[in-house]
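Both complexes shown next keep subunit A, but they swap its partner, so subunit B is in the first and subunit C is in the second.
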Partner chain A sequence: MMLYDAGKIIAGLVIFAAFFTVPFWYGGGKTSEMPKLELTAQARQAGQCVEPKERMRQDHMQLLDDWRDAAVRDGNRTYTSSTGKSYTVSLQNTCMDCHSNKDKFCDRCHGYMGVSQLYCWDCHLDPTEEKTVWASTDGNS
Partner chain B sequence: MGFDRREFIKIAGISALAGLGSRAAFELLQPGELEATSASYAANQGALNAKRWAMVIDMQKCLPQEGCKDCMHRCHRLHNVPDFGNAKDEIKWIWKEAFAHAFPEQESEYLAERLHHEPFVVLCNHCANPPCVRVCPTKATFKRKQDGIVTMDMHRCIGCRFCMAACPYGSRSFNWRDPRGRNAQGEPFLEEINREYPTRNKGVVEKCNFCVERLAQGKNPACVEACRHGALVFGDLADDHSEVREILREHYTIRRKPELGTDPSVFYIV
Partner chain C sequence: MKVLLPLFAVIALVVLAVVGVKGAHLNGLFGIVIPYAAFVIFLGGMIARVTGWARSPVPFKIPSTCGQQKSLPWIKADNLESPHNTAGVIGRMALEVLFFRSLFRNTQADYRGGDQKLTYGSEKFLWAAGLAFHWTFLYIFLRHLRFFLEPIPFFVPFLEGLDGLLQIGVPRLFMTDLVILAAVTFLVVRRLMLPQVRYISLPADYFPLFLILGIAISGILMRYFIKVDLVGVKALTMSLVTLSPRVPEGPIGSVFYVHLFLISVLFAYFPFSKLVHMGGVFLSPTRNQANNSREVRHVNPWNYPVKHFTYEEYEDEFREVMIGAGLPVDKQADTPAETAE
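Let's look at the complex of A and B:
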């Protein structure tokens, strides 16, 4: 086998491999622990989410999209889940009523998974946030 | 291998046919209910329904209550409508307009002489033929099929303001500033917050929604409920026996700029 410029190519490959695996070396080869999610007393008492946990974990973004179209565009504000229970279709008044500890629930997982800050809270009220936290100075920011 | 081109094409053809006939391919070409869930959506029980919601505003009851702003305060507080403190940036769902401005086409008549400067309560007319809906490029503003309410899907608003140019009634306001912000004196634009309803953010348009969220809960619009003088009446224009139809039968009423062909759903007793 012939390999022209073998030295350069091999050096290049080594550098590439080193760069590519930096995050791994940097982390000392360990994966970071998934932070523990906390449930509010209210959620614990309910014992279940609007849909089974696995589905919620995977599909809650899709469910929220469906909820928003159902409530806003179709005027359908009662959701009967596959578990047979009925819920009012509302991010602010239903999801966040049970998960009112947003910082220790939604935010914790999103932070770990690298989901960027949700713009939903520009309009929907964040249960953990008092009005005083809002845009500190003028409204032109 | 004794495998000529003729034979290869034959086998390929047969395989393709067999493949098409298979169950997976069938479902690919004819998507069915592969993943049907048993979850479902419905309107709330006890919600108020109509074919075409409408309002009659009795100015003979309203005008004597000089300075009263109960309807406006209630609406703006419940919907987290900010007060930016200047007329240029004002966000308006329901407000007062001098008769001469609200009804310019009546200007030349003697009626106008009496009413010229009188403040009239105005809001979105929930037109049957709404120009704002026609111009919206994202369908953020739409007319509800079920009851004719002209409302907004805030999630789709891109802030282009075509609707503001199209609306002949000034019923739409743009958020030039962040409603959650504060003015130069450090006072918040939102004095009080209703935690059950969202705010808006900088860069979207907003308007009166005839309280769709309250109708869904079986409640009348906030302004109607707030008026202690019975000047605002809400009901179904398509129902012969509704209170609004009763009033329209018995009183002479006018609408704002009907000559434009928008077919407003808000009527005024003058």
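Let's look at the complex of A and C:
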């Protein structure tokens, strides 16, 4: 096989192949583990989140957005779930009550997926932060 | 027909993925086998195409130029428009690949004014839409590395942050999503609206546009409207790239499989279609040659060593027969010419 300008052609093809196969050699041959979430004892005891697990997994962001609008804009602090149960619309008093382990719950998947620009904690109290730094969390949900 | 055929083809592909995953539960086929096959076809096909071009000789020096060639020292040469050395070729090629410089000169003929005079005018929309499309495609491609790399490199969150800078909605609206939709739509509409362009457009021109539109729409649906299990998606993609393929247990969502299947089709289709211009642009003889025919002689690689058969060789072969027939010969048989005299 005769290639004209073989040096340039092969260099170009090597760059091309290297670029498109980055994911295959980036990890250095290690297999990747899916993040495992740790539920707190309280969460495990509750057994179910405000909505079924599959829905929470896909739509928790949408739910939190709806909750934010309901609580902050409409002053509506009661959420009736698809299972008919009522919950208080509050990130800190409802969600974080069970999921108080942010670094082993929220952060694991968000870190895995590169969801780095959340602005939950711009306003809300990050449970891992020193609580005394903040004013009372009561009514500040 | 030229438009509807590729449109229905893309719709059929969507239906195929939905039926395959929702109906037949062929998650392994659509999640593992087809993506792998598509990637191998893409990589192998591109290499085959490029080496195929590299095997083809370029008989003539044919750079297409629009500037003064380098000649006498007191004549100002334009090394970008008519490069005479490798630096010039690289500069011109870089501007072509990164900014579509030749397309920037695009003109359009039209009948204008009251007397319907034929007018040639500058037409920048194709250039703008093409550039917007290609750059956003690259941007979105790089953004997707978050699904393929672990740990995620620093530039991916940076690109995402820049893309969602306007902070519209939850999840943040990516500007590139809007740009790519607008640009591809423009490219489709342009083919349909301009009679001359519609006349020369083939199904192979519409198909990649509809396919990419399908990919963009399914991706947008997944991000903003019909949410899927993203951790499951990444578990699948990471299992693919670490060569330990496994479909995660929980349901991911069929929109994802549609998205993945359309991309697989795009990858597999790539080397055999017009899309191969990704590699081809670098191998265009009218672009990648230096216009230095006054400095360097271009030897046609077709010039194989021609087989000669000179009169001396002819006579050597047939001398005895010639002498026998009484024909005159320059050299006598087995005797030096001098002694024969």
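Here is the rule we go by: the second predicted complex is superposed on the first by the 112 of 141 C-alpha atoms of A that agree within 3 Å, B and C clash if a C-alpha of one lies under 4 Å from a C-alpha of the other, contacts with A are read in each partner's own complex, and residues count from 1 in each chain.
Throughout what follows, contacts are C-beta pairs under 8 Å (C-beta built on N, C-alpha and C of every residue); 3 or more make two chains touch, one makes a residue touch a chain.
None of the values given here were measured: they were computed from a predicted structure.
Visitor: With the two complexes superposed on chain A, say which partner A:D74 touches: subunit B (first), subunit C (second), both, or neither.
Guide: Only subunit B is touched by A:D74; subunit C is not.
Visitor: A:M34 in the overlay: touching subunit B, subunit C, both, or neither? Say first, second, both or neither.
Guide: A:M34: touches subunit C, not subunit B.
Visitor: Scan A:Q58 for contacts with subunit B and subunit C and give back first, second, both or neither.
Guide: Only subunit C is touched by A:Q58; subunit B is not.
Visitor: Touching A:Q42 in the superposition: subunit B (first), subunit C (second), both, neither?
Guide: neither
Visitor: Give me the intersection of subunit A's contacts with subunit B and its contacts with subunit C, in residue numbers.
Guide: Residues common to the subunit A contacts of subunit C and of subunit B do not exist here, since the sets are disjoint.
Visitor: Could you please specify the touching residues of subunit C with respect to subunit A in the complex?
Guide: 42-43, 46-47, 50-51, 54-58, 145-146, 148-150, 152, 156-157, 160-161, 164, 170-172, 227-231, 234-235, 237-239, 241-244, 248, 250-251, 253, 279, 282, 301
Visitor: For the complex, give me every residue of subunit A touching subunit B.
Guide: The contact residues of subunit A facing subunit B are 51, 66, 68, 70, 72-82, 88-89, 92-93, 119, 122-125, 131, 134-141.
Visitor: Spell out the part of subunit A that touches subunit C in their complex, as residue ranges.
Guide: So the residues of subunit A in touch with subunit C come to 1-6, 9, 12-13, 16-17, 20-24, 26-27, 29-32, 34-35, 54, 57-59, 61-62, 64-65, 109, 112-114, 116-117.
Visitor: Inside the complex, what are the residues of subunit B that reach subunit A?
Guide: Counting only subunit B, the residues touching subunit A are 37-45, 47, 84, 142, 144, 146-147, 151, 153-155, 177-184, 186, 188-190, 193, 195-202, 212, 216.
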